[in-house]
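You will see subunit A twice below: alongside subunit B first, and alongside subunit C after that.
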Partner chain A sequence: MDWKIRRFGQGLFTVWAVVSLTFFITRMMPGNPVDAFVAQIGPELENPQEAYELAETYMNINPEAPLHVAYRDYMISMVQGDLGRSMSQNAEVTELMAEAVPWTLFVMSWAIAISFVVGISLGAIMAYWEGSTFDTAVTGYATTVTSIPFYVLALLLLMVFGYQLGWFPTGGRQPSGVEAGFNLPFMLGMIHHAALPVFSMLVASGAASLTMRGNSVRILGEDYLRVARLRGLADRTIAVRYVARNAILPMYTGLMIAIGTMFGGAVVLEEIYTYRGMGYYMIQAVRMRDYPLMMGAFTVITIAVVIALLIADLTYGKIDPRAGGENREAF
Partner chain B sequence: MKPSEDPSDDATDPRAGASIDEFVPDRPDDATDGAADSATAVRSDGGTVDADSPFETTASVAETRTDRVDRFFEEYIRTPWSILRTDWRALAAFAILGTYILIATVGVYLIEPTESAHGPQLLGVFETWEFPLGTTSSGKDVLALAVHSTPSILVMMASGAVFTVVIGSFFGVVAGYKGGMVDTVLSTITDVFINIPGLPLVIVLAMLLEEWINNPVALGVLLAVAAWAGLARSIRSQVLTIRSESFIEAARAMDLPTRWILLREIIPHLLPYIVVNMMNAARRVIFAAVALYFLGVLPFSDANWGVMLNNAYNAGALYRTSAIHWLLVPMIAITGIAIGLILLAQSLDQVFNPRIRARHQDLGDDDQIEPDSETDTKDMMNV
Partner chain C sequence: MTISQSAAQADRPNGDVIMELDDTSVEFGMSRGRSRVLNGVDFEVSRDEIVGVIGESGSGKSMFASAMLDAVPEPGVTTGDVTYYPEDDDPVSVTDLSKEELRRFRWEEVSMVFQGAMSSFNPVLKIRTHFVETLSAHDYNVERGLERVRELLEDLYLEPERMLESYPHELSGGMKQRVLIALSLVLDPEMLVMDEPTAALDLLMQRSIISLLHDIQDKHDLTIVFITHDLPLVANLADRLAVLYAFEFAEVGPADDILEDPAHPYTRALLNATPNLSAPLEEMRPIEGESPDPVNIPEGCSYHPRCPIADEMCRSHDPDAYDAGADHDVHCHHWEDSIENIDNALASSGSMDRSRRTAADRSADEEPVVSLDDIEVEFGSENDGLLDFGDSEIVTAVDGISLDIYQNDVVVLVGESGCGKTTLGKTAVGLQQPTDGTIEYKGRDIWEGSGNSSTLADKEIRRALQIVHQDPGSSLNSHHRVRTILETPLKRWHSDLDGNDRRERILGMLEYVGISPPEDYIDRYPHQLSGGEKQRVALIRAMLINPDLILADEAVSALDVSLRVSTMDLMIELQDVFNTSYLAISHDLSNARYFAEKTGGRIGVMYLGELVEIGSPEQIIHDPKHPYTQALRWATPELDRDEDIDDNPMRTIDVPDQTNMPSGCRYHTRCPKAREVCRTQKPELIDRSDEDGVQHTACFRALEDHEYWDSEPIAEEPPAAEETGSAD
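What follows is the complex of A and B.
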């Protein structure tokens, strides 16, 4: 219990650190957005002073205020959920993001779930039939797949299944001409549009399957497994509780890092499929030099990853009773 | 162990350090011999320490310079080479990476840089000898574009990988070994960076630091900013398991400085892990760099696989069959170098595997270590 509270506090700290980092980037870094904004807007206005006020409306940072005041105001508006105002879309960043976040979460959670399940199952089967033709073939496949960047696969899938065969839509996130809501055609259309982006992320399963295979093979040789067989435990129990569990545990850190990487990859993926999620807006913002939207999208993506990792970490305690409670001497 | 280090024959060897006492006359007033004499003195428990005390034995044969050089070659050149020579993955990896390096060094002189209207527009693959990989919609030679991107990509890859590994190892080793407050601080920083998704962070930084990111080395370093944290965390957990091993405890008991323990005891122990991870870091750096160029968020001046992808994508290569080669060539280039890096990582894993090493090492006849079957070595690899 104590450990969960600490982990939660750590998540909050991370969010605070990231928001502070965005403040630092927006206000203090060389070539920072506030200065760029003032330089961009200032000359076009009759009264150049207005640029500072506009900077505050768009980015929540008044360039003329002392640093600590600006930081306090920035943090207050962040806590209130105010991410500033987008210049190119002419809308509140928070509204744009609120509308985009569910779509990205939809695609990414399916992508993460499917690639992990596929990777872990393949790895387990390979370990079970170690040395067989299947094992060799899948090892080769996994090595090849790991060397393909997901965006290359995305482009290939789009080219073959989107343009050449026409089985899947080539862009967008929802079917046109169907009323949005909980009706079957709309849901099917959503899945239809998300299918290619989700499968592009399958490249992540290659690395997972190789690690899983290695861990499982090592555990299959352990003595306690022989004892378990001698005790006459069911094969199912041995496979799930003895082998799978112990093989997945060491992969946990890797899987968590993969979550962050995949959410980051949404930026490229959504751009390729013109899927209007967080990443799509972020790239549009970069293209249009729309700093408030760019920083807002960055903040929201990061918070999404923090929450995903928090959930992953808290559930980790469920499968590994040793989690938490580290107490080591310091040298 | 080399024969020169064998401790068993020092009792019979007249040059053994301990037996020199017999030739030295007793001079109790001599301060320098006082220490040696006290060894034969009556101990407090009534016994005497005999001349063969293990604490006073020195090597029977002095290790000469040639021995040292020989051992160095055995350890770092001959054994790895012997392992790699028999491993098809290593040979394939060397062939692939060697080709890329050859292209980056020699190829750029053999193939002239291309410019717009160099040839006909959108020529297909293998249609003329002048443009074997076809041309782009503005008549540029695709082969020349691909070849001239290689040097900057390789430099970027190297700088990114080295920087990732240096920062990651530093944070991981120091946090894992020191523990306590240092660990808390360093681990917190690591955790924050793990939580920040890499690509968006790099995009934001690249956009703000546009003026500084004008050479491949700087871009490699920038990409490493988003990549080191995962490595730091896994190295930290590795250090946690070896920090309580007896050889580390012994070093600490001898009051060796922390820097020595970290650099001479822990890092060499983790070297296999670090080297294998360096290959993986190199792969990720290339993927991220090409992604950024593909998105068009990085300023570019010269040819680049990512820029080629971007131009081909914007020219509609996805649905124009006549432009497909323009898209496929950079894709194959990226995937090829990544396969080379993975195969190299897998085979380096074999080099560091102590069981495989033992089989290839020149050990003398008696101490052959039971060799391990080849098949389960690839489980050690970590992609």
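What follows is the complex of A and C.
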């Protein structure tokens, strides 16, 4: 119980630290966004003083207020879920995010799920027939795939399947001309649009399959497996309860960390496929020097990663009995 | 071709055979050639007996165990006949069983306990699941089965409910081993094969398990095949003993005969090479040479390269079984000769005598080389700041120990694992910074001026204090040749030597420790050396630095029995040449006794971070004053069969939890002599030295007038299930 609270505290701390950091960068850095904003907007306004008020609307930071007051106000609006107002999109950042994040999650969760399922199955088969042609072939494939950066694969896929063969759309996230909602054409269109981005992320399956293979091979050599066979347990019980469970366990944390990296990957991927998810907005924001949007997207990514890791930590104890208590080393 | 006396076949224990192996071999195809790891053995196990099978590592003993269940790991191939005789049914040929029949046969008829219970359980399943799984896989009634399990666990001094609800990692090694024994008996098998079942455990736990086995065997009418490298361990458990050498049986016979009147030269040599507590040191002698490689077994008698009475016949003809008495078979052409001459032959092969010093000779006015004063070492962190909420678990590994080590001195620390002996050792050579107390090297505080860094700043002290590890393989860099390994310390500490001098010096040392031809070895990599050779190279490396004190951390326990004595002899010899002192760590009282007695050193007994008794080996072994030393003494197996092992001198088997140390005398939770005062007061080391030797004991019983004697005894219960866990 104790450590759960602790993990939660640590997660909260991380979020707080990141948000504070964005505040100080925005407010204090030389040539910081607030000053830049004021300098940019000010001359165009009749009353340059208004620039400061506008700054507060857009960024939740009042440049004139003393630092601690500005910080307090900023934190309060953050907690209230107010991430400021995007200059380029001319909309509340929170709204923009709320609209974009589900799309990103849609692509990412499929990418993660498929690549882990594929990776784990391949790895298990490889371990079972360790040394076979299949094993060698897939190991070679996995090694190659792992060493390709996903954005290269993304560009390749886009070129071949998008532009040359035309099997998949080259951009966008939903079919045009179909009414959005829970109807079949729309759903299929969504999947159709998401397919290429999802497949680009499959590079992760290479690494997963190699890890799974290694883990399984190790477990196949464990004493408890030999004892289990001697005890006469059914092959299926041994495969599922003994091998698979112990081989997948160490990958669980890896899975959660993958979520973190995939959010990072989403930024590039969505740009390549002009997929209007959160990452796409973030690039747009950078391009337009839309600081509030940028900060907002950044904060959302941080929170998402922290939540993913927190879930990983809190649930790990459920699936691995060894976790939770500190494993004190014998001396 | 083999020669045998046909009479040997006639008088086998014909009574009631439960398992018979006939010309059974196990082979592995390897790149170096076909490797026979069990070479056409014949063996019979009688119903309801305990037979001990003794073999050094690489003698084929594990394969022998697996062959009985047709469970040789792939790609090994078992040939020959393995026949199982059920009590009132037709014989079963184990090697011909179908997959399903074999699945039922194993565990229902014959089950097995492996070496290394630590890893015999699935870490993500509760202990209960392991039992339930096994029961249902064999279509046994789970409810009734669990009843039986509870009873078994209780008989093994475990709390059934707590065990069943635990995950494997929550149990200590000794508990796991006992649970594994219960698991192997859950289907009520007829026969139990145990392959080194206690190897990884502490002496006390080993001994407790052995004495429990006796009761269990009785109660369940079991036949037990107990396989081990440790002859004394089974000496008074087994009815019969069988000695394996180089994948064949050398000798099989009643335990009394084998121990008192061994006929095979190897058995005799093995008995002499086994350190124990009672035999005079002069009679302990190493066996020359090493066991053969399975790919390359010598022609004729496989023991002939090491046998002092080998002749032409031995080199050409493989001896079959000769009859050496009732039920006693020996595979040696000259067994009669062996009984008469082997000891003489061994004795003439050079006896090493040294003028013995005693601890008393090192008078108190001599200045110690290393002096520990009230050392305390704590592990585990306190809260380390902002992000660390709660969870401060501190374990005190060493608690207030003072010890002086003189020049040319030997101190051997013994105790159960977790008693802090390794931590104390590391502290003494500056590898561990104490949380409190001081360590002085020749009067200088070694940690002075080192600030908070965890390494010694002083080069001179770093040179003076060295360490030799338990596993020499891991301490030698596997990418370097022997030459490079040995040159590094020379370059560093004897920079005046040039390349040629260094080479000469290394060659000389290798030759000196019996690695020859040294020119051949100097360019080898560590993996091309045998275990004994690696240990010797590690020893030379430490010696070349010319240290004043060497910490030898279980330096011989990883070696085969036959190599232990020779390695200890070598260490002693090197001590004389280089004038060093040893601080040795051992969990084995017999080894400790050999090493300390031969050098006139001291043995220190540790319990839960404290030094409870220290003194000359004569005193510690023959007149231990502290009840814990007495328990260790009990736990150390002897070759003497008359000894009674059922009399466990401890009230509980398991060690108390380290994070929650007992108050007063820390041993009071297990001490059979404990009285009320022991709960509250802590005994100091009391000097009980006399003309026979030095001895200091931390027990009130060493004082004649102490309120202990008027205090109430702590309620006397038989060894109970553990009160406190020691799960970590």
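Criterion: the second predicted complex is superposed on the first by the 315 of 331 C-alpha atoms of A that agree within 3 Å, B and C clash if a C-alpha of one lies under 4 Å from a C-alpha of the other, contacts with A are read in each partner's own complex, and residues count from 1 in each chain.
Quick note on the criterion: contacts are C-beta pairs under 8 Å (C-beta built on N, C-alpha and C of every residue); 3 or more make two chains touch, one makes a residue touch a chain.
Just so it is clear, the structure is predicted and the values come from calculations on it, not from any experiment.
A.B. asks: Quick one: is A:Leu249 in contact with subunit B, with subunit C, with both, or with neither? Answer first, second, both or neither.
C.D. replies: Touch status of A:Leu249: second partner only.
A.B. asks: Let me test your reading of the model: by the given contact rule, A:Arg6 touches which partner, first (subunit B), second (subunit C), both or neither?
C.D. replies: second
A.B. asks: Scan A:Gly232 for contacts with subunit B and subunit C and give back first, second, both or neither.
C.D. replies: Touch partner of A:Gly232: subunit C, not subunit B.
A.B. asks: Quick check for you: in the superposed arrangement, does A:Val69 touch first (subunit B), second (subunit C), both or neither?
C.D. replies: Neither: A:Val69 stays clear of subunit B and subunit C.
A.B. asks: Determine, under the contact definition given at the top, whether A:Leu188 touches first (subunit B), second (subunit C), both, or neither.
C.D. replies: In the superposition, A:Leu188 contacts neither subunit B nor subunit C.
A.B. asks: One more residue to check, A:Arg241. First (subunit B), second (subunit C), both or neither?
C.D. replies: After superposition on chain A, A:Arg241 lies in contact with subunit C alone.
A.B. asks: After superposition on the shared chain, which partner residues are touched by A:Asp223: those of subunit B (first), subunit C (second), both, or neither?
C.D. replies: It touches subunit C, and subunit B stays clear.
A.B. asks: For the three-chain arrangement built by superposition, which of subunit B and subunit C touches the greater number of subunit A residues?
C.D. replies: B
A.B. asks: Need the overlap of the two footprints on subunit A, from subunit B and from subunit C, as residue ranges.
C.D. replies: After superposing on chain A, subunit A residues 10, 13, 328-331 contact both subunit B and subunit C.
A.B. asks: Can you tell me which positions in subunit C touch subunit A when the two form their complex?
C.D. replies: Per the touch definition, subunit C meets subunit A at residues 69, 71, 73, 103-104, 106-108, 111-112, 114, 116, 119-126, 133-134, 137-138, 167, 169, 183, 379-380, 387-391, 393, 395, 397, 417-418, 420, 422-423, 728.
A.B. asks: State the interface residues of subunit A toward subunit C in the complex, per the touch definition above.
C.D. replies: By the definition above, subunit A touches subunit C via 2-3, 5-6, 9-10, 13, 222-224, 226-228, 230-234, 237, 241-242, 245-246, 249, 319-322, 326-331.
A.B. asks: Can you name the residues of subunit A that touch subunit B in the complex?
C.D. replies: Touching subunit B from subunit A are residues 10, 13-14, 17-18, 21, 25, 29-33, 130-131, 139, 142-144, 146-149, 151-152, 155-156, 158-159, 162-163, 170, 206-207, 210-211, 213-215, 217-218, 253-254, 256-257, 260-261, 263-265, 267-268, 271-272, 279, 282-283, 286-287, 294-295, 297-298, 301-302, 305-306, 309, 328-331.
A.B. asks: Over in the complex, which subunit B residues touch subunit A? Could you list them?
C.D. replies: 177-183, 188, 191-192, 194-201, 203-205, 207-211, 226, 230, 233-234, 237, 240, 243, 252, 258, 283, 287, 290-291, 294-297, 309, 313, 317-319, 324, 327, 331, 334-335, 338-339, 341-343, 346, 375-376, 378-383
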